[in-house]
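Have a look at this one before I ask anything.
Chain nomenclature is as follows: A, B, C, D, E and F, assigned in order of appearance, with residue numbering initiated at 1 for each chain independently.
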Amino acid sequence: MSNKLAEMTTDQARDAVRLAPLVIIPVGAQEQHGGGMAMSTDTVRATGLADLVAGRLDGRAVIAPPVNYGVSPHHMAFAGTVTLSPATFQSVLRDVVASLHQHGWRQFLVITGHGGNNAALSVLAQEYLLQPELTFAWTPITPLVSDLIAGMEVSQVHGHAGEAETAQMLYLAPELVQAELLEPGATQLDELPPKARLSRQAQGPRLSVGFDAYHKRGVLGDPRRATAEDGRLLVETAADRIAAFADELLSA
Amino acid sequence: MSNKLAEMTTDQARDAVRLAPLVIIPVGAQEQHGGGMAMSTDTVRATGLADLVAGRLDGRAVIAPPVNYGVSPHHMAFAGTVTLSPATFQSVLRDVVASLHQHGWRQFLVITGHGGNNAALSVLAQEYLLQPELTFAWTPITPLVSDLIAGMEVSQVHGHAGEAETAQMLYLAPELVQAELLEPGATQLDELPPKARLSRQAQGPRLSVGFDAYHKRGVLGDPRRATAEDGRLLVETAADRIAAFADELLSA
Amino acid sequence: MSNKLAEMTTDQARDAVRLAPLVIIPVGAQEQHGGGMAMSTDTVRATGLADLVAGRLDGRAVIAPPVNYGVSPHHMAFAGTVTLSPATFQSVLRDVVASLHQHGWRQFLVITGHGGNNAALSVLAQEYLLQPELTFAWTPITPLVSDLIAGMEVSQVHGHAGEAETAQMLYLAPELVQAELLEPGATQLDELPPKARLSRQAQGPRLSVGFDAYHKRGVLGDPRRATAEDGRLLVETAADRIAAFADELLSA
Amino acid sequence: MSNKLAEMTTDQARDAVRLAPLVIIPVGAQEQHGGGMAMSTDTVRATGLADLVAGRLDGRAVIAPPVNYGVSPHHMAFAGTVTLSPATFQSVLRDVVASLHQHGWRQFLVITGHGGNNAALSVLAQEYLLQPELTFAWTPITPLVSDLIAGMEVSQVHGHAGEAETAQMLYLAPELVQAELLEPGATQLDELPPKARLSRQAQGPRLSVGFDAYHKRGVLGDPRRATAEDGRLLVETAADRIAAFADELLSA
Amino acid sequence: MSNKLAEMTTDQARDAVRLAPLVIIPVGAQEQHGGGMAMSTDTVRATGLADLVAGRLDGRAVIAPPVNYGVSPHHMAFAGTVTLSPATFQSVLRDVVASLHQHGWRQFLVITGHGGNNAALSVLAQEYLLQPELTFAWTPITPLVSDLIAGMEVSQVHGHAGEAETAQMLYLAPELVQAELLEPGATQLDELPPKARLSRQAQGPRLSVGFDAYHKRGVLGDPRRATAEDGRLLVETAADRIAAFADELLSA
Amino acid sequence: MSNKLAEMTTDQARDAVRLAPLVIIPVGAQEQHGGGMAMSTDTVRATGLADLVAGRLDGRAVIAPPVNYGVSPHHMAFAGTVTLSPATFQSVLRDVVASLHQHGWRQFLVITGHGGNNAALSVLAQEYLLQPELTFAWTPITPLVSDLIAGMEVSQVHGHAGEAETAQMLYLAPELVQAELLEPGATQLDELPPKARLSRQAQGPRLSVGFDAYHKRGVLGDPRRATAEDGRLLVETAADRIAAFADELLSA
């Protein structure tokens, strides 16, 4: 039987409330990922991780249908990007959680493939503190394995559509990567214009800039260095860590 | 090249603004579909139709990522159903349309596999009258071919998860139909309780009831009569009619 | 004693909660109705029907004060039209229903004289599914008697401010019709510009257009053909059908 | 020709934009008015004043359809009362003003028969300061003639459904007053319970109480003392003063 | 021990719920106050009054942190003014009251130093009628002592940043008054332009104008006449009256 | 002349738009800070930092009045805590920024003394990406000097109302620290209950818990170890770093 709510019948869902008390909700984005990657990259990675994590949980989790759009104002300079307002994005998750909570689920874990969703998810998590009858956790993917990325050969500036993200896609969905079209984006701090550089300070005030301010391609790092093998390590380790967390949560 | 925005790169999207001026947005639902069909049935049919319609339009349309959740309060008595509030559902579409409009698209066609989304879409369409710089059309699927359904052998009461919808799924995604679990729901008007019967009047005031008021299974009609062949006729005809409309719209 | 809440004292209302468990809420519009009819046409018809329906219910219904404004963006090209946003219109009805519900009423029937209100009313009806302690029904007027209109001599294109609506006004409020100023509007499908024609398809995707796109007068059909006698038939039959529905609802 | 937008055709409205640059919007309430007066009292007085004021302005004003519901939480202890939330009430007026502004009107005067609407109208007036292209004025009725009321024989405590309001109704709509059912409400400050008395301080902090806290009938003063002659003086003087204001505004 | 919630520890607050059942919330504004006074004038006076009132209540009141911004659209023509929308201002107070109510407080008194907040506070007070478990009172400052001001030597037109307000500041915070920069603003009704004059009618419809419409300095009256001694009388008398009210409320 | 907008006259503000193009907005919280610190701790630190930063910028920055309330649902188990909803908090900042932007300021830097505000500020920063005509930056305080804290003697678990925060208060506002009442809170990871421990994982999914889940005192770390000298180092270094950022921003 599928662990995806989308593929279940309602009778199967009714049983899952009891058997699979954790709901995993994958959320992604529809946004530019450079010259060679599909714009669904964040949704694909969130969905892929959800599958791997649920697989590690031995039937104790169900996966909700993915939210295919995210909060992406910083990529709106690039055609095809769609951004939900943070308010809309939050409303979708509130409605999904409230509906499933009404059927009896109590524990929710959002996996976001897109860092632009983090702030809205943090706000939601604060709101759910006022509803102690349910647990709302969420996780990004790439930051969970930043220790591993540090050990790989990455550019000084790296991130969106760069080495680590491209590697994950080469592992999870190589058909959505057109290797011959991959191009480096911003790779050196001192090549960035002033405001873009300020926004990348490790320990300083927060400044957000549109990704066209970093590089005309909107890419951070050099995706040509990505390998499927690195992707496997990042993805499977992230899945291990999320599953370990979920396991503790289910036992708490 | 894919006609799906999700699979395109941003460069391909930039070109598509010019070459493929119509955006098709499939919207579905996560809701009960009786004992034998997957809860994603409406999303699957919307996505399937979007593919068929875009295919008929020779590259003049792109397909946006599907909205996997819809307005389904009438199915909330059944486990696994998720309902967005009409306001949330409308906000998602407003944000999607506004984002793509910003990139240059001017024509939008929502295909909904779920009748519960119709009212919210009608309201949206009214709002877009105040933005004459873009065209917002939308279409259900099954009502487009009600003339064909009338010619099939259907129950007196038929509709949700019944003959016609099951047939469409047998054609589009048979792997999501568990034939041995299909069961008839409400099939005769005079078997319905009073308020449920009132809600099915052909020419009378409108009354909405939860689908548990029709039948404990929430099904209207007898899905066991459905055939993939009927499904093919319904689906392909609906695609023909939507494509014909889109073609006229593109020429208008 | 009046059956209108507006004319009652609070003591009479207190008794009516028990004796007259159905609240009828007439909603209309302030919008153009061609060269010869008053802009309150939809409010007048809604109020008129409410009176006739309540009269048939022998004291079992009260009539709330009418909502004199509706959702009319499609008529904003014509001076004097007022449109509430769908959200505002819905808020008004939510507040009216919630207030009267608090006093003990449980059954509500909105009669709308204006088709532009239908979508917002449908959305409201979905929302009330989550409040099973009250019943929210609504009805348009003209569509209830479309079978009778089909038997009258009407233009190929007919509708807003056309034969049937003008007939109803000649019966209900002839002082608001200036017969000598009635002019035909759009009457033939093939005279319509492409998008306007697309919007009138019987079985196709839904497209909304401003009524100035149909005709410079914003009229569908030829109001000069209207007679008070036809109006009487339409109005009284609609009242019969709504009252029959209300009677069943009160007994359910 | 009528000066009511509801009775005009769109062509007449188009001319009125130029000839009658002031829009008067009557707003009332559906709320208890003691044992002998109709619950529409505030709407009736607002509409009546609008007629008298427009009449004094020689065709330079049009009257919009009345808003039949107001902000009445303080009367919700009494059956039949309806309250819009202040937000809903404000949205209605915003939409009405915006629509008519779009047709070319620039000056708006709301006449409210109900004091419970005052705060929401004051807030609206503040918001319109940010739209200097239009003028938004509003007026209550009874406070405009408080000097005259002081000269009449009124109770120490007087106000809602008391001497002055009943007098106005006896003049404007005697058919909505059932004289034999009029009863005194609270008439002496020292008969009021503490919080109710605090709320009536002339020069002190503001405290709102439900009208059931004043008296079981929700009446302030003794309506039996009201005369149509007093009503005539109050109503006609209020109309004079509003018309004088409007005249100055039109000349400003 | 401080009676300010800001200076208390949570343990002290826990005790205060019982010992000091009234919460005083000072609200002010950041807005122009003419050529010689600080823009925090309204916040300073609200905070000052809160201290004096709490002092008179012998430990039975706590003071919440001040809301430093108010509703000031009428001063936006003057640099440095900040306006919250009425909706935002109301949300802040709703959240503050709800939070403290959750900890056990039941009585709230807002002291506003800024008349622009009055309408929004009145609306809030209406909303709280629907929550009878808490008492929400509010008070302006200057209108509480209008009888005393009438006995002082003030201009025909006086008010914002004029004699009375400047006097209060000379008493409460003389360091925020630069006496040598004080200049008269509008002082005579017949010097005002027509709309500004209309807005100052004692007994007429309400019209709001930006304060630049009164005078280029946005001042009403002549602040040079203000004395600290007058300020002392106004401030201490207002404190007496508010404290007397609070005392009655606490005993009610 | 003061660099605080609250203390300026409008004329001074008018000049400051040109001379002091950066607006610093301090935002804090009203929330429990253990047994010995004032509940305004976060507001006090934000205001203190704002002063120090502005001082380092030689007149190129103005300081807006502080927002005295923040987003604190995680402390609502402790008396005296007030929480704004994230939506309210964001609305306040939106209105403040919009008002000052209207007067000509283009650069805004929010200094938050409260980590609970971070998520809402991040969301705001995303929204401002769509308004490129202004720059919206924000900064927490303590995380800016986490490298220094790591070098101090702190507990394994430390944070809210612990060593570093208390040290800052001993330096900035010792009168708001009652040293004899300081008590240790949670200090060891393995003493935490499971969900609380999960929420403190360095590299794992995000889980928010109420601070009563960490310790009955809601404190993380041992505030008794705090010294004013450490506080001086943390505060002055944070001010240096924020000022350096602001300096670069002003030159960018």
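By definition in this document, a contact is a pair of C-beta atoms (placed from the backbone, for glycine too) under 8 Å apart; a residue touches a chain by one contact, two chains touch by 3 or more.
The chain lineup, named per UniProt: A, B, C, D, E, F = Creatininase family protein.
Note that this is a predicted model, so its numbers are computed, not measured.
Separation of subunit C from subunit E in touch steps, taking the shortest path, is 2.
Of all the chains, the one whose CA centre sits at the greatest distance from that of subunit B is E. The greatest centre-to-centre gap from subunit D, using C-alpha centroids, is found for A. Over half of the residue numbers at the interface between copies subunit A and subunit B are found on both sides, making the touching surfaces mostly the same.
Listed candidates were A-F, C-D or B-C; the one reproducing the E-F interface, defined as more than half of contact pairs identical by residue number, is C-D. Copies subunit C and subunit D of the same sequence differ in orientation by 180 degrees, per CA superposition (steps of 5). Averaging C-alpha coordinates per chain places the centre of subunit A 56 Å away from that of subunit D.
Distance between chain centres (mean CA atoms), subunit D to subunit E: 28 Å. For this pair, subunit D with subunit F, the centres built from the Cα atoms lie 49 Å apart. In subunit B, the residues touching two or more other chains are 76, 85, 87. From subunit A, with subunit F next, the chains follow one another around the ring as A, F, E, D, C, B. The part of subunit F that touches subunit E in the complex is made up of residues 5-14, 16-17, 30, 32-40, 43, 64-69, 76, 78-85, 87-88, 91-92, 94-96, 99-100, 102-104, 176, 178, 181, 218.
Chain contact summary for the complex, subunit B toward subunit C: residues 71, 73-74, 76, 85-87, 109, 116, 118-123, 125-130, 132, 135-139, 143-144, 146-147, 193-195, 198, 201, 203-210, 241-242, 244-246, 248-249, 251-252.
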